[in-house]
Amino acid sequence: MTDPVLDVKGLKTYFFTDDGQVPAVDGIDFHVKEGEILGIVGESGCGKSVTSLSVMGLLPSPPGKVVDGKILYNGEDITYASESRMRQIRGNDIAMIFQEPMTSLNPVFTIGSQLIEAIRIHRKCSKKQARARAIDLLKLVGLPRADELVDEFPHQLSGGMRQRVMIAMAMACDPKVLIADEPTTALDVTIQAQILDLMLKLNRETKTAIIIITHDLGVVAQMCQRLVVMYAGKVVEEGTVKDIYNNPKHPYTKGLIQSVPDMREKKQRLYSIKGSVPKPGSIKKGCQFAPRCEYVMTDCLEQEPQLTGNEHLVRCLLYRE
Amino acid sequence: GCSSNESSSGSGGSKKQTTLVFGRGADSTSLDPAVVTDGESFKVTKNIYDTLVEYKGQTTDVGPGLAESWDISDDGLTYTFHLRDGVKFHDGTDFNAKAVVFNFDRWMTGKKSGKFAYYPSMFGGFKGDKGHIIESVTAKDDSTVVFKLKRPSAPFLKDLAMSPFAIASPTAVKKYGKDYGRKAAVGTGPFKFKDWKSKDTITLVKNDDYWRKGQPKLNKVIFKVIPDNTARLNALKNGEIDLMDGVNPSDIESLKNNKDLELFYRPPMNVGYLGFNVEKEPFNKKKVRQALNHAINKKALIDSFFAGAGEPAKNPMPSNIAGYNDDIKPYDFDLKKAKKLLAEAGYPNGFKTELWTMPNPRPYMPAPQKIAEAIQANFKKIGVDAKIVTMEWSTYLEKVSKGESPMFLLGWTGDNGDADNFLYTLLDKDAIGSNNYSRYANDKVHELLIKAQSETDENKRNELYKKAQVIIHEDAPWVPLVHSKPALVGKKSIEGFKPHPTGSDKLNTVYFK
Amino acid sequence: MLETATNKPPVDPQIEEEKSTPLFSEVWKSFRKNKLALIGALIVIFLILLAFTASFFAPEGINEQKLSMRLQPPSADHWFGTDDFGRDILSRVMYGARISLRVGFIAVMGSIIIGTLLGILAGYYGKVVDMIISRIFDILLAFPSILLAIAIVAILGPSLRNALIAIAIVNVPNFGRLIRSKVLSLKEEEYVVAAKSIGMKDSRILFHHILPNSLAPIIVQGTLSIATAILEAAALGFLGMGAQAPEPEWGRMLSDSREYIQDAPWTVIFPGVAIMLTVLGFNLLGDGLRDALDPRMKH
Amino acid sequence: MGESLLKVNDLKKHFPIEGGVLGRTLGHVKAVDGVSFAIEKGETLGLVGESGCGKSTTGRMLLRLIEPSAGRIVFAGKDMTKLAKSELRELRKDIQMIFQDPFASLNPRHTVGRIIEEPMIVHKLGGKKERKKRVRELLEVVGLSSYHAKRYPHQFSGGQRQRIGIARALAVKPKLIVADEPVSALDVSVQSQVLNLLQDLQEQFGLTFLFIAHDLSVVRHFSDRVGVMYLGRIVELGASKELYEDPKHPYTQALLSAVPVPDPNYQNEKIILSGDVPSPSNPPSGCTFHNRCPMAMDHCKTKVPELKELEDGRLTACHLY
Amino acid sequence: MLSYATRRVLMLIPVLFGMSLIVFSIIRLIPGDPAQTILGTKATQEAIQSLHHALGLDKPWFVQYVSYLKDLLTGDFGTSIRTNAPISQEIWPHLAATMELSFVAMIIAIFFGINAGIISAWKQNSIFDFTAMVIALIGVSMPVFWLGLLEQWGFSLELHWLPSIGRDNIRNAVNPITHFFLIDTLLQGRFDQFWVVIKHLILPSVALATIPMAIIARMTRSSMLEVMRSDYIRTARAKGQRMFWIVYKHSLKNAFIPILTVIGLQTGLLLGGAILTETIFGWPGIGRYVYNAIQYRDYPVIQSGILVIAFFFVMINLIVDILYAVFDPRIKYR
């Protein structure tokens, strides 16, 4: 087996706010190998975005800070790398696309100039060459009229087109890892299908490892090989997509999968997890999911479960050895 | 920018300074003296034009000007002026009797234009008006002009010396028409008009052909508008200007100690007073007016707000004017007496009233608001609670003249140095509605003043005025406050500058050491 | 049986904690953290106290002239020195607080009331009414405010009261526009649509939903406007178009003692400092309130 | 099944686009362009479609929150488009709305109790005491506690707020509820709670729903019949089971295929549509779908297809049939 | 873009028309009589009346307004009642004086304000940020007239470093061409005068610049902070771009629109609001010109002066609006 390109170990990212310390990410482990597509699912506020920003070194700081853990890129520890080293990595080795295509492009610069900038930061080339490359990239992501688009402004493009531009920009320097933070949440289903299709294609062609962050279980099921399920800043389950969908272990994962209506058949009644996602840090002791868990045991309120198992890992006292 | 050495070398290199910058508070309104009424305009026109006769030195005595000499007929109705020969206007045309006649014709027939304000007020109206005293002005020959009057007028010569009656070039007046006085100003005076930057500077240059040989001594005079007194003084201290008027009294003390600057005092020809509206309760009571006369500490007032540059007033006119009654004993500052008088008048606890004051400094009262404040404090001590009211100048005059204010600060600067110009103008019952703001009417006084107008014997005339002053003092329609000696300040190196009581100075004798 | 009963969500722990009137306490919480705003609040409170107690604490009356004691430098007797009438400057500055605060508050209240009325008319009734009112605002705003104020004072005559009226008028368009835009945006808010959808009358929507929710920006703008109103009043006083002698209005005091700046600088310095501190106080307070009241500013 | 509770006939809304020198009308956004449907008492009609296709506009026109440009809305036998303002306010009691954004639809300055009570005050239902009592009842009904009445909206989570919104809608005992994307802002686990709640309420009170959503699975789960909208028109309408299992219109087919199914074992053939949804201000001629339709024929470009009945009440607007 | 601009220009017409009407009626409400002012204490009832007639003040006000408007349309501002001078000639030197002063003040304000704001935002919560913002707060709270007095006292009266009043050396006056003295002196090659003009500009322009500078700094900071939190800045950082470029290129251009708004607003305010500074520094500007005219009830001057100021104010807004489109490509299509 090949070594992972990106390996995150025990990452903890806290926010130090006026209201106290918020453990947005509270010990996360995952890794991704070359050419692999990893999914990270979790509900809003569970720390998905913070994880990805931590990896990129883009946390708003203050108040955010990585307090523990390691981020290894190709074996190199970049957790506390210098800003200049991080600048070399960003865009070049690890690229990122964001949830909101409407606001992620700078409205006052043309598509072309933003793409050219992305290229010229990491590649020595003339403006002309960069422009040619930009047009190629736009074609690569399936945008029509690429040579006109370079001179247009973001507001002249639809959401789906902008997301393609974002992908083109991310792919500009052939990164090894592409982190996509909810890349399709803001898009319509038909457009989502286009974008996902594009990402799959790129993954196949360039062997770029992709981390898809989403809350949509459907997207994960269709796209990913492996899956990390997050809850309240922690990984609660990790494994291959098939394993997890066919045999979810953690009560949260189970509940999540069951509570989604299935388009193919009408369930009489949806399963539902009671309560709502807690604010990070509000549950101080025991399992974060305990207050909502159907299978809660007295131990759960006291003891913090660990991630156990191999290949298919789960963080639940039900599975302790 | 302008340290003093830089500026003095500004125009003349290392040579003697020949440009004088005169700083003043407001711009001229026109350079045609006949149409203006404000002192600021006369300051400039006085240097461009000459009058037939001129005031001598720092007095209001009349001496030759464009007329070398004159004869007066015994009945006092015919004046014959012998004009100076060889005088030329700045535009090169000749000054002669025709020019004089032209000018007088222009004024006396100008009723419709509404422009010539001084003429009718000094000569009793325009041509055809009932009061008009000039019968005719004719040129006997090129250098002789004859004035015929309808009735004798004691101040006639003094009137002719006034700035508004300066002689302008007929050619230029005709040529420029409406624009005369703005685009052009052509007289016979020591300086020629060069240019006028509105609200900023007026520049005059030397008239090389001036009829007083060897004058003027300056090459250039710039009148610079710096509206704010303090700013103007700052400019002087920084050497940006050479001479200025409108000095804050508060600055005088420190100026006295300034070795680079010199103070000049203008001999007083004015009166600043607190007027009562004698038609209004409670000022219709003589005792109240007298009480208030006793309640003001004039000396403290003058020390604090005129920096001593003023004489306490006891009469409505300054002491250097013929007819001044020096025997009058002023109301002394005595609060007890004041209270007693008030009580007698029926106001033992005083009363509430308003004290109106002018919005901006005037020559006779450089800090009217502060004086009002001080008077207010004085009056408070005898229970008179006066609220200070102020408004914009023209409204102020309008309302005061309509009798809307119970008590007001005002003043008067004499035009020609004649007692008539004070007493009749300010306190005669004929002047109610114009300059008799107190609305004071006393038939005795009226009689005396009218008689004096046509009395040509100096001594008899003076006696009449003295009598009138006694009555006025007793009736106390005013509190005469002060005859201010407005201060001017200039560089130590200025020589030959003699401020004139009328408020406008001919700078032909001025030079720099 | 309904399943909802069994499915009842557990009460969130954080809901339990907050007890007191939440909006106020929340605002106070975020305000308290802002040190500058607290300083501002302190200055303002201090000034208000000063204004109310000036007559007790001022060492001397405002108008006690002692011409013999003119222009004394600061000393133990006269901490701020004396002016050209020999009056105690400290006392006058203290009384001045009363004048400035009164001008600030009343003028701003006036503009708020008129501005709100016009703003509501424009925002809620739209169309022609909006056109007319907005254009009037445009026109008024196209004149530099100090010039407009001067013109108004010229009409009414110079006095503190008229300066106050002028300042109020000059500030009306600011509030009018604020309210108008607030009404326009709130009209589209979903909870207002919701109110409409339950069949609520326009007037009720206006008074129960739109106005209360416009309050925060009005308070903020109001506080900041007090600062400008005080500055404007001082400027008018300085030009002789505001408070009249012998009222100890700070701007007036400044212009009255300008001529002494070289010989008796304290006569100029202290009133100026008073103006600056007061305005600063209200600016700080307004800024703080904005940060506390405007959720957009939170980060 | 009884009478139609609501009948909508050829409903249109054209928003003017203003601009130019004097604010002239430059054109129209055809947000809704001829929509007809009926809702029987007690049933749920689902409305799906991509963003901007006119779902919300349709929903809001039913309450006349937006004035229709043309068409008729007959509710309980009364023509709503002809009502005077006061009658309309009266009628709004019978139609209530649940909004998408749980954060924006509650006045932040009012207590929850007041929010729920307000409709009763407006319609003068009961005395003060009764109203308070009913508020408490309603809170219990939607799964909150009666002591929540004193709280303010910001003290609740998204799911709880949505329950408050539902309670408000129920307060006046409406006959029809227009639910505009009631769950799309919610987390997956909370979404199922709210869906279940709505389902329960419908059973309990016999409510009729117009259920608007863009999530096809949710619509399928909740609705008896479903209408699919595209660019302001309904392109297909039918019973949900049949429509999902056998979509007729090419757009419906593409839409359904594009939805990622949360099951890694399920692999469907995705129909990826090209391009974006055209702007409603300038819709394509003829069949508005023709430029993206994989099965477009020549006359699709010119002829507008009618909504025709195919079998057992299924309506489709396509020239293929 | 062009149609946008024309549309904006056309929208000016009713505003300007309304302004002229308001100005006209406002000043007729001002009590006080220009004739009385002109004639002063020497006025008689008769003289006032005939002057009224000569000035046309005895006609009904709307007749006066219509004829005023007619003149305006032909570019004739009328003549000053007081000096009889055509206002169109008088007004320009004053306007130019104020414009020059405002322009220099604005340059100072913009340069220091924007940079202070940017650095404050970039180094948020640093000592620099804190100090700059406290200074800015004091700046907005500063009574200009007081600051002007203190400046004059310190730098001119006590230290004698800079001239205290005026815009050029009175004795060695600039020969006006455009009336912008900085330009005129350069055109004439008078570098000595140029330097003198600069020296005269320093104190008043610094006084005048204080408030706009503070406002611009504050606005820049908050606008930059907002922009720097935005998604596209995160995108730029994710590309690996340097902070310097992110701040000065990506953020500034976006943050510039609200900054532009305050710059426009402040410039407009300076034009008419410079009265106080002009008073203190004896600057022969338009503010004083109008202020004096109000004192003298010189109706035509007040009218035209205020209108010209308002016109420039509106023009500046227009320019700002058009500049928006330069900085924000989205606006053209609105």
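First chain written, first letter: the chains are A, B, C, D and E, and each begins at residue 1.
Note that a residue touches a chain if its C-beta (ideal position, glycine included) is under 8 Å from a C-beta of that chain, and two chains touch if they have at least 3 such contacts.
What you see is a predicted model, and the numbers here were worked out from it, not measured in a lab.
Where each step is a move between two chains that touch, what is the least number of such steps from subunit B to subunit D?
Graph distance in the chain contact network comes out at 2.
Based on mean C-alpha positions, I'd like to know which chain lies farthest from subunit D.
Between subunit D and every other chain, the largest centroid distance is to B.
What whole-Å value do you get for the distance between subunit A and subunit B if each is reduced to the mean of its CA atoms?
Centre separation, subunit A to subunit B: 90 Å.
Please tell me the distance, in whole Å, between the geometric centres of subunit B and subunit E computed from their C-alpha atoms.
Each chain's C-alpha centroid was found; their separation is 39 Å.
Roughly how far is subunit A from subunit C, going centre to centre by Cα mean, in whole Å?
So the centre of subunit A lies 49 Å away from the centre of subunit C.
Subunit D: which residues touch two or more other chains?
Counting only residues that touch two or more other chains, subunit D contributes 157, 159-160, 193, 196.
Which parts of subunit E, given as residue numbers and ranges, touch two or more other chains?
Only 31-32, 152, 157, 229, 279 qualify.
Multi-chain contacts only, two chains or more: what residues does subunit B have there?
Residues 391-392, 395 of subunit B each touch two or more of the other chains.
Contact residues on subunit E for subunit B in the complex?
31-34, 36-47, 49-54, 82-85, 89-90, 93-94, 152, 156-157, 160, 162-166, 169-173, 176, 196, 199-200, 279-282, 284, 288-289, 292, 295-297
What residues on subunit C touch subunit E, complex-wise?
Spelled out, the residues of subunit C in touch with subunit E are 36, 135-136, 138-140, 142-147, 150-152, 154-155, 157, 227, 231, 234-235, 238-239, 251, 254-255, 258, 261-262, 265, 268-269, 272, 275-277, 279-280, 283-284, 287, 299.
Quick one: in the complex, what on subunit B touches subunit E?
1-3, 7, 10-11, 19, 21, 27-30, 37-38, 111-115, 117-118, 120-121, 178, 181-182, 197-201, 222, 224-228, 231-232, 234-235, 237-238, 240-241, 391-395, 397-398, 412, 433-435
If we count contacts the way the header does, which residues on subunit E are in touch with subunit C in the complex?
Listed in rising order, the residues of subunit E that touch subunit C are 14-15, 18-19, 22, 26-27, 29-32, 134, 137-138, 140-146, 149-150, 152-153, 157-158, 225, 229, 268-269, 271-273, 275-276, 279, 287, 290-291, 294, 302, 306, 309-310, 313-314, 317.
Across the complex, what residues on subunit C touch subunit B?
Residues 63, 65, 67, 70, 84-85, 154, 157-158, 240, 244-246, 256, 258-263.
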